[in-house]
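Can you keep this structure in mind? I'll have questions shortly.
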Amino acid sequence: MEINTYNTPANINFTVPVRVNRESNPEGTIVNVNGVKVGGTEVVVIAGPCAIESSEQLYETARAAKKGGARIMRGGAFKPRSSPYSFQGLGEEGLKMMRKISNETGLPIVTEVMDTREMEMVAGYADMLQIGSRNMHNYPLLKEAGLIRKPVLLKRGMMATIEEFLLAAEYILNQGNTQVILCERGIRTFETSTRNTLDLSAVPVLKKLTHLPVIVDPSHGTGIRWIVPPMAKAAIASGADGLIMEIHHKPEEALCDGQQSLYPEDFIGLMTELKKIALAVGRELSLP
Amino acid sequence: MEINTYNTPANINFTVPVRVNRESNPEGTIVNVNGVKVGGTEVVVIAGPCAIESSEQLYETARAAKKGGARIMRGGAFKPRSSPYSFQGLGEEGLKMMRKISNETGLPIVTEVMDTREMEMVAGYADMLQIGSRNMHNYPLLKEAGLIRKPVLLKRGMMATIEEFLLAAEYILNQGNTQVILCERGIRTFETSTRNTLDLSAVPVLKKLTHLPVIVDPSHGTGIRWIVPPMAKAAIASGADGLIMEIHHKPEEALCDGQQSLYPEDFIGLMTELKKIALAVGRELSLP
Amino acid sequence: MEINTYNTPANINFTVPVRVNRESNPEGTIVNVNGVKVGGTEVVVIAGPCAIESSEQLYETARAAKKGGARIMRGGAFKPRSSPYSFQGLGEEGLKMMRKISNETGLPIVTEVMDTREMEMVAGYADMLQIGSRNMHNYPLLKEAGLIRKPVLLKRGMMATIEEFLLAAEYILNQGNTQVILCERGIRTFETSTRNTLDLSAVPVLKKLTHLPVIVDPSHGTGIRWIVPPMAKAAIASGADGLIMEIHHKPEEALCDGQQSLYPEDFIGLMTELKKIALAVGRELSLP
Amino acid sequence: MEINTYNTPANINFTVPVRVNRESNPEGTIVNVNGVKVGGTEVVVIAGPCAIESSEQLYETARAAKKGGARIMRGGAFKPRSSPYSFQGLGEEGLKMMRKISNETGLPIVTEVMDTREMEMVAGYADMLQIGSRNMHNYPLLKEAGLIRKPVLLKRGMMATIEEFLLAAEYILNQGNTQVILCERGIRTFETSTRNTLDLSAVPVLKKLTHLPVIVDPSHGTGIRWIVPPMAKAAIASGADGLIMEIHHKPEEALCDGQQSLYPEDFIGLMTELKKIALAVGRELSLP
């Protein structure tokens, strides 16, 4: 099957593949994460720890997430770490903890899958599967995600162009799964004061080119706690359909990414601020 | 004189020079552009054409700028163009046109200066001098701007780190001129769907590190007209003290950057939207 | 187990993990690819088509490779393509063809593996397994490669720092496989005249930091046929232990990367030139 | 005047301006630096300190430069420094010292000019004027350099594309000065183990597109002393017409860039190695 260019918007110099192309579904796709709808009027916030560390940690962050108004919970059981000597995640044990807390709180969960061999197992616990930045170019994994009957959260590769990002999503849709959310999470540039450079212009570009919902990860996108709130606001102002943010009840003890995790109370306060921005751009954000 | 590190905020791995350091003026510097104050509660919008082309063009855009609520007018008489065969600007003739219209409309003007030999002449017409992205590393020009008694709008180099950006501003302050506004205008990355990658996280970083006002240029930062409005909103949400945007009454005939210039009516409509964001983050934006 | 810093060379601002660290094996590791030794005095050239397309194509390129003096043959059966609609490779059928030709020519073969589920199967045909640029961050795949008793050719991620590249190799060594060759293949930058920017300074940096052999891929590193020869020479001059290059008997009909593939006769001529450079830096390159 | 595309080589996606275009002078331009010819068969090495610090320092480095076989001496009197508090150079006093030593040693000198107002004064002392990386986009300076009757060494901007680099050179040629040498000196990327990423593929690309000589600066291109020799070799292997390198008799006491300056004895030894590479690619490099 050939890539169909449809009408490419002015100034975009590549072709948008057919299945993710906005013209395939002009009104936009709504992704249903176990009852939570992403891509509609409501701005949806996903929150939780970087990595699942313990039941206590999960309970504390789930409580904060829910109190703040998050609609979905995040948490990693399989962690892609640069070093083989870093904490690699609790694996299936972590998924069991998370499922239990999800059932109690009513918050659907999203968690990362890294290996084609584990796709079915992870899908047995999660409400949405995340394909992380380091695996955006992992085509066998994308194809496998296209065969699973669960929504997929696809993060942009840290060096991927928007064109490649859309082609990666096309791999999933091409296997029959159209429940895909795209996530901008920062790209690698020469600037070193932030962990990555959050490319918010990707939000309006993606919203124009594709019918899929687009969310933003200001935690990985900046890597520094005090930069998360302003960038979360900016993301909503730029038109994002949601956010995914890291919170931790004791960031200084976190086994992963503590310096970019919000304290529970800061998260709760931030949500009130985010609602104002959502309203200012004609969206909703429902607080408890 | 040594660089004084003061207290560097968490996770920032460089030292902030003494004169631009926020600790030198914790409440923040207000830059006064012939009566218009930048850096206070009000979000200030600067608008106008990329290049001054004719009296008619200037009148049309000045009218739109004023009607929309812009407080300062922009327009280039000396244009730094990649090619020697591109339109290089009208020079002093253009400055005279602009001064005349400024006097009639009451809008102060900002215009670029590129050559140390022309600094005084340009300062004779302009209310604020712009040092463009290509000249952020032009140290003789920065020193000269430090000796002029006019505010300076310093744009971030398209490949400059935030550390270098602050050091460039320090060159100006070190000569005695503290009336400096910093402008994020996009950096060069591998992404090619936009002209540059607008680095909005630079806004909170700069606001934390320095007392100087920070504005954003979503026109050069994106290079595409339809991406300007969402990024203008995002810039205000991220904490910017103002915006600088290009408008043109006939973008398709513009001698420079037409594809990123807003139509007058779109600019006027956008300003109403921007006001909502400004209010949502506790700022003001006064419309006519 | 902790990362051991050993003595980090002057001006390197990160720690080199223990198993890949040159101090673990100061004289340098020799990787034995079915009899061909990489990492010694001889500069070893790997050549072949981007993708295996047919028996005829393989025979033609194998003949040219052997005639030119290549010691190992490359060819992809599983191709990581940005688009799901591009040629994805012949799969196991291609591996069978390649094994047959390898047995006839005596040239060992290297081919890419992309999926943990296929590692054993591919290892059954190949003399060395390649982990491609897009999978340098695929940690389950790296771990699996560490358990296989075959040499591994690990390509640098197109956006990976040298620090991350070494950590990726550490994943493999940490599982017990020390037969790893590192390959610089170009990184992504703002420059668009070449497909990637070949970072040849990575060669001396890697040779200093690690005991593993380092080779260069000027085909992917530049993406343009006429730039391959000068960069192949430069790679050897910079201290590379070998090269991997694409050749095709009919590049204009290639199903993958034709524009960067050398014609057989050009490859043969180039090898004579490369030998001169090898001798000039005190290395050998044996021609037939 | 319009940009003339002539025949653009395969795979180059921009137009090469008319005056720098190789078709304007297919056999290649020879730049004559007070008797030393750059762009011919001989590989020409330029050496000297980053900044002129004292007569003693200049004498020591000039002696090493001459003994090693350098044909031209470098040294900065006006230094573009990121910080206003760093050593800014000795100014005209430094130029006088350098002229004196040049007259005694017979080595022509190249030195940087940063300000249009100083062009004539600097040209009174120097045999070749350097326009540094930070000023490659300084169009008034380029135009002024086009009016001076001295050769110009134009360094690539650290974030400039090859297209922009050629357009910058066109600014000079367009004013009538065709004696221009282009210098690749490293570009800014995400990689931080080296100061910049030396883009050696720029050498064959530039040699194909333009008739101007192309040299390489491995000192700024890497920023680390022990990486300079392999990259100097690689530069010649890639087809460069020359090199510019920093040497200092006491690098640890240098006021500028000491960590990338070669010791005199290392420079002298390196030159013998470089000659071998030059011969291997059919060039000459005459040693004393």
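To keep things simple, chains are lettered A, B, C and D as they appear, and every chain counts its residues starting from 1.
The criterion applied here is as follows: a contact is a pair of C-beta atoms (placed from the backbone, for glycine too) under 8 Å apart; a residue touches a chain by one contact, two chains touch by 3 or more.
Computed from a predicted model, the values in this text were never measured in an experiment.
A.B. asks: Across the interfaces B-D and B-C, which one involves more C-beta pairs in contact?
C.D. replies: Top pair by contacting C-beta pairs is B-D.
A.B. asks: Measuring between mean CA coordinates, which chain is farthest from subunit B?
C.D. replies: C
A.B. asks: Using Cα averages as centroids, what's the distance between subunit B and subunit D in whole Å?
C.D. replies: 34
A.B. asks: Quick one: report the Å distance separating subunit B from subunit C, using the average Cα coordinate of each chain.
C.D. replies: About 47 Å separates the centre of subunit B from that of subunit C.
A.B. asks: Which residue numbers or ranges of subunit A touch two or more of the other chains?
C.D. replies: In subunit A, the residues touching two or more other chains are 159, 163, 188-190, 192.
A.B. asks: Considering only the defined contacts, which subunit B positions touch subunit C in the complex?
C.D. replies: Listed in rising order, the residues are 188-190, 192.
A.B. asks: Along subunit B, where are the residues that touch subunit D in the complex?
C.D. replies: Residues in contact with subunit D: 1-3, 17, 80-85, 114-117, 134-135, 137-140, 143, 157-159, 163-164, 167-168, 170-171, 174, 188.
A.B. asks: Name, in rising order, each residue of subunit D that touches subunit C in their complex.
C.D. replies: Subunit D residues touching subunit C: 9-14, 159, 161-163, 187, 189-194, 197-205, 208, 221-227, 230-231, 233-239, 259, 273, 276-277, 279-281.
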